[in-house]
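Two complexes follow with chain A in common, the first pairing it with chain B and the second with chain C.
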Partner chain A sequence: MKEKLSFGERLQKSASRGDFSSALMLLPAVFLLAVISIYPFCWLFRYIFYDYNGFTAYYIGFKNFTRMFQDAVFWRSVLHTFEYAIMKLIIILPLSLLLAVLLNQKIKGSGIFRGIYFMPTVISSAVYSLIFGFIFAVYNGVLNAYLQKLGMIHSPIDWLGSASIVMISIVIVAVWGGFGNYMILFMSGLSSISEEIYESCKMDGANGVQSFFYITLPMLSPVLKVILMLAITTALKDYESILVLTNGGPNSRSEVMFTYIYKLIFGSQTTPQIGYATVLSVMAALIIGVITAVYMYFARKLDDVV
Partner chain B sequence: MEKTHTVYSKKTKAVRALLFLLLLIVSLVTLYPVIYIALGSFKANNELLLGGTQIFPKTFILDNYKQAWEKANFAVYTVNSLIISLGVMVLSILITTMAGYVFARKKFKGKELLYSIFVAFMFVNVGSVSLRPLFELAVKVKMNTSLLSIILISTGMGQATYIFLVRGFMNTISKELDEAAKLDGCTFFQIYYKIILPLLKPVIATIGLLSFRTGWNEYIMPLVFTMSNDKLRPLTVGVVMLKNSGDGTAAWNLMFAGSTISIIPIIVIYMCTSRYFMSGLTAGAVKG
Partner chain C sequence: MKKRVLSFMMAGILAAASLSACSGQGSATETTGSAGQTTAGETKGESKAAGETVIKVWTNDRHDSEYVDQKIDEFNKTNDKGIKIEMTVVTDDYANMLSMAYSSGTAPDIAGISAGQSGFDLKTFADAKILEPLNDKIKDADYEKVTEASKLQYEGINMIDGNVYWIPTGMRSGVRMEYNKDLVKAAGVTEFPNTLSGVVDLAKKVTDNGGGKTYGIAFTSSVPFIRWIEGTCETSGIYRYDYKNGKFSFDGYKPVIEACNQFIKDNSVLPGSVSQGVDAMRAQFAEGAFALWGNASQEAGVFTDQFPVTKFDWGVSTVPTLDGQVKGALSIQPQKGYMMLSSSKNKEAAWEVIKFFSSEDFLKGYLEGGYCLPISSYMSGVIDTTKTGRLADFKLQDYESVYPAVPAVAIQGDDYVATLWNAILGNVSADDAIKDLNKRYNEALDNDVSMGKIKRLVIKDFDSMHPNAGTIEYSDK
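== the complex of A and B ==
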């Protein structure tokens, strides 16, 4: 059965199966994976023990780690990341679920509404953050102008410059840019729930709110879990919009993990501190990983209960 | 309406009207920033700096666009944005349809391992730090002065999702087609090129749109790569740079025009093809 094939014969055989062409066809993707994804990831660990400013690197042992544990600004940025993520999720998830349920009812114009709500997700977050910067502007911003005209405020609010309000402003922008995304995901989950269940529920005399809590929500729970996880990890990683809106200010009040790290590497104010930034990046990735793991643990626990 | 539907009580009618109102308000809030910036881009700069609630310009002027286009380099930025997004689109389509086809049809050692590495790096995200080694690498191979590095990085970061999409879609295409083509003398590549590629059209449309959008909207990566090279900046970087360039308050009219130039094309594309955008998004997300 297993007769020895000569090299030439084997070559011919694998050629007829398309071994070479398939390897060639896979090559570009594998090349990009290696260079764009794997290489930077390994590179990270190279400078963990170094002080590296972009030109020269000095070995400094565990100093980056001790510095991290004493770096109050970093740990505050971790807290800000949580603050931002929690506020964003609390608003964006119920809002997008509510809109998805409403649009699922086949009301007049629901296609148009859906198209409008999804529109922000095709715009660059850098550019819509810039636009919101104009809207939030203190003296010539249109938001303050409206509020003053309506008599809701007497003096203009410093939306992006006041320590107590800046987080709310950032979350507003994030919700505007992202709710359409989650709405579409919820809608695709809703479309898998069959119409008949609602019909029979209606026959039993349930109203809309009841059928939402007794049918929609439980039936949606598998999709909900995936969406929730997506939402959590996305919210923890957001920083592009914050970079444009406030650059972490005022006085680091809106600094999140990744804006802080970005400025350590590419910031123009100080010399790059790349070694230290790699340590913080690993820490940030760990924090996100732990939160994801904890979430998955509880999501599974919840499965057992229900 | 009344004929086909059951007659609603007054209370449900009120609730329905209220919910409809809610949908309307959310739409207005969603559309407002876009309308505000688009109309504002026709205002004179002193009108913008004065503020106020007036959304329509007193007189429509085109001077902002002329200034942005000629003085503020926006002609160059627009071309760069186009090159980047078209490059990312073409490259993504080529690379991911081939890879997805091989993953779906070819049996080889370590296939699932390789595939799971692709998927794993979709979730590993260490933020901006990964741009540093890529930048140093680009400098080393002298690619930091070309848009190609930006195109390659953007493609590489997005490819896993698209490969996943193609592989999933391939599973709905009958393998008998491949067999028949093979009997007719088609090679592995010819089957892809002649049989599979035409059948992949819907996925290709989705990948094309999503990757075009990614390329068009890329901000931090091109920002890092064009820090010292104004000529390579795309629109996103160029328009935000105006804000940080010191005389930010003075250049509101330019930023309004620039923002409009950067968002209107993608919104127009979206309006024509929204179905593909949405289906691509949901298909990509169910991977979890």
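== the complex of A and C ==
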């Protein structure tokens, strides 16, 4: 029968287990988390009932909420966010997976290619968006000049200024910037699949494509689940490159949730409307949270595959 | 044993690093290294205290930094008050940077400012007590002689409720149209038209003559409405704020919207220009890709130094009006003023620096260098206009004036510049745009006035030709 230990004995027991040293080691990280993440999050909720311009806050009750539900531009931006995320994910995930499988084989030069494909992740998104802005430019733009030289188009295409193709241009930049990252993640997942399985299925007479669909994909499923979740939330939160490329695009065509919120606070067209922006951020966080929860529900099957 | 010591040392370093990172808030953000010795420069007649006073100045303008830096060096070397000026150019997010610096205690002593600074609302800054009123200081006789400060006080622009926060030392002219003389002549037009429909026709003629290579007119993605079209509205007597009744009224814009929409319908606009930035369009104007451009006096410097126009002769014309007659004043922007921040620890020394920037010696070279137009008649008389280059083409017309500041309201959605431009492009009908603007702006105005954020401005004897001459009244409802 277990006897109740005295306080002093319990202290001794936890000290020998290393409880105090682990708590001490965690302290800086927890402190930083509280100050940088949790406190600003709670601070947000102070202002959802106010009209705050950075200096003085005026109490306005639920006006921010009624405004949000009538704000057509915001809900259109939510739609654009989904459009952007879906287009980006459909292209980037198969592409990264394919490249990961190809570069996982021990062929010459695969190391160099891995380095090259990973480089966009290292560059700041604002910087490469600025450069893509020059590439996509109508006057003296690199892409238009090349396409015209090759004879594929006759007059420059307005990549970033025409409402019909601005989303495609933005997704191109996003895919270029992100696929290296997911490729490396997939490669780390692939490296956990042992060689013997491939050998045994080769002996059974499976070719490359079959082994991919019947061996690689199923064995990757736990890693796939995590990568998919990361990719979805990142795609929904992407705004820096869109801000630099089109600033919301021709007539708000490429406005996503977070560019709209950003412009409400830091834009030059208005004095900061921090109270309203706060309500919108909470809504945006809710939307992303719901989507993540729905995804986790459908993806729980992926854990059972292996 | 060694490993233990090493790991303790690492833990200690990490702890120290994380703690210092948390506490080092303001110290890392200085752009110029020193927080020099500061002594109160208040004493007059007593011997100067040891050490020098450093006055930090921020400015939003980079285009004049060559001249300004040189004058600052001279001042630092030769002044007898122990003042050292440190200038920092902050080009992006000026208003945000100022308010962030103020709240974190790293604000400069002086901030340069011009009217129309984007994102900057004088009333917000004044109410938050960030700025120091200068009413007593500007009574100084020398200062008054050069700047004519008593005549340059505009409510809402550099003065709030009688407190003057900055005095302009220069101005940006009203908007003008710049044009390619060769292309216009080749289209068979000898005199630049003074009606809006005449300009629309001119653009069409140049385009027809251009054979797909040169076009009549171009716009830009960056606030295209205010480049010259708003000037046409103002000189035709159309303004967005109805001063007599104290509310917003956008009804007058309909004929201008429909006329400008004709540019698009005629295909006289350079393809792709609507989505390109200002500098890209200026570069194409200098290449001769289109004939008509619009902007204010800053284009004198742009087309002389930044994108020199060498292939053709370029001319400047006043903006056209609806019917050829001038029915309202063209708004000008007072510029190059200097605000003192209330957080400054050396207010007397800061005032000396403001006096220096507004002195005849500084301004004469500045205005003769063509960096902006003079705003006081004293300086206009003193400078040698032959040195100002093309800026002389932008000289003040007698119907140019400062408009009383329109109440700054927090509107929902796009502001009038973006909405009217949308209507001109044809994305929304003129009637819908006008109705939408009237509704949103007046709702915001009524809302903000009832909350006590701003007051409604009414000028019952408002005269479009002399907008600043009426009696200003403020109403609480």
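Criterion: the second predicted complex is superposed on the first by the 269 of 306 C-alpha atoms of A that agree within 3 Å, B and C clash if a C-alpha of one lies under 4 Å from a C-alpha of the other, contacts with A are read in each partner's own complex, and residues count from 1 in each chain.
As a working rule, contacts are C-beta pairs under 8 Å (C-beta built on N, C-alpha and C of every residue); 3 or more make two chains touch, one makes a residue touch a chain.
All of these numbers come straight from a predicted model, not from anything done at the bench.
Chemist: Would you mind checking whether chain B and chain C clash or fit side by side on chain A after the superposition?
Modeler: With chain A as the common anchor, chain B and chain C collide in the superposed model.
Chemist: Counting only touches as set out at the top, which of chain B and chain C does A:Pro28 meet: first, second, both, neither?
Modeler: A:Pro28 sits against chain B and chain C alike.
Chemist: On the A-aligned overlay, A:Asp158 touches which partner chain: chain B = first, chain C = second, or both, or neither?
Modeler: It touches chain C, and chain B stays clear.
Chemist: Would you check which partner chain A:Gly18 touches, where first means chain B only, second means chain C only, and both and neither mean what they say?
Modeler: First partner only.
Chemist: For the overlaid complexes, name the partner, chain B or chain C, with more touching residues on chain A.
Modeler: Partner touching more chain A residues in the overlay: B.
Chemist: According to the stated criteria, A:Asn64 is in contact with first (chain B), second (chain C), both, or neither; which is it?
Modeler: Neither partner.
Chemist: With both complexes overlaid on chain A, does A:Thr271 touch chain B (first), chain C (second), both or neither?
Modeler: Second partner only, chain C.
Chemist: Touching A:Ser254 in the superposition: chain B (first), chain C (second), both, neither?
Modeler: Neither chain B nor chain C is touched by A:Ser254.
Chemist: So, A:Ala137: does it touch chain B (first), chain C (second), both, or neither?
Modeler: Both: A:Ala137 reaches chain B and chain C.
Chemist: Touching A:Asp51 in the superposition: chain B (first), chain C (second), both, neither?
Modeler: second
Chemist: One more residue to check, A:Ser96. First (chain B), second (chain C), both or neither?
Modeler: After superposing on A, A:Ser96 lies clear of both chain B and chain C.
Chemist: Which chain A residues come up in both lists, the one for chain B and the one for chain C?
Modeler: In chain A, residues 25, 28, 32, 35, 137, 139-140, 266 are touched by chain B and also by chain C.
Chemist: So in the complex, the part of chain C that touches chain A is made up of which residues?
Modeler: Going through chain C, the ones touching chain A are 11, 14-15, 18, 22, 93, 96, 99, 118-119, 121, 124, 127-128, 221, 271-272, 274-276, 280, 283-284, 408, 410-415, 417-418, 422, 427, 451-453.
Chemist: If you look only at chain A, which of its residues touch chain B in the complex?
Modeler: Chain A residues touching chain B: 17-19, 21-22, 25-26, 28-30, 32-33, 35-41, 43-44, 99, 102-103, 107, 113-128, 130-135, 137, 139-142, 144-146, 149, 176, 180-181, 184-185, 188, 208, 226-227, 229-230, 233, 237, 239-240, 243-244, 257-258, 261-262, 265-266, 274, 277-278, 281-282, 284-285, 288.
Chemist: Flag every residue of chain A that touches chain C in the complex, lowest number first.
Modeler: For this pair, the touching residues of chain A are 25, 28, 31-32, 35, 51, 53-56, 58, 60, 67, 71, 73, 137-140, 155-156, 158, 160-162, 250-251, 266-271, 273.
Chemist: Please name which positions on chain B make contact with chain A in the complex.
Modeler: 15, 19-20, 22-23, 26-27, 29-31, 33-34, 36-37, 40, 48-53, 55, 94-96, 98-99, 101-103, 106, 108, 114, 117-118, 121, 123-134, 137, 152-153, 155-157, 159-160, 163, 187-189, 192, 213, 216-220, 224, 227, 235-237, 239-240, 243, 252, 255-256, 259, 262-263, 266-267, 269-271, 274, 277-278, 281-282, 285-286, 288
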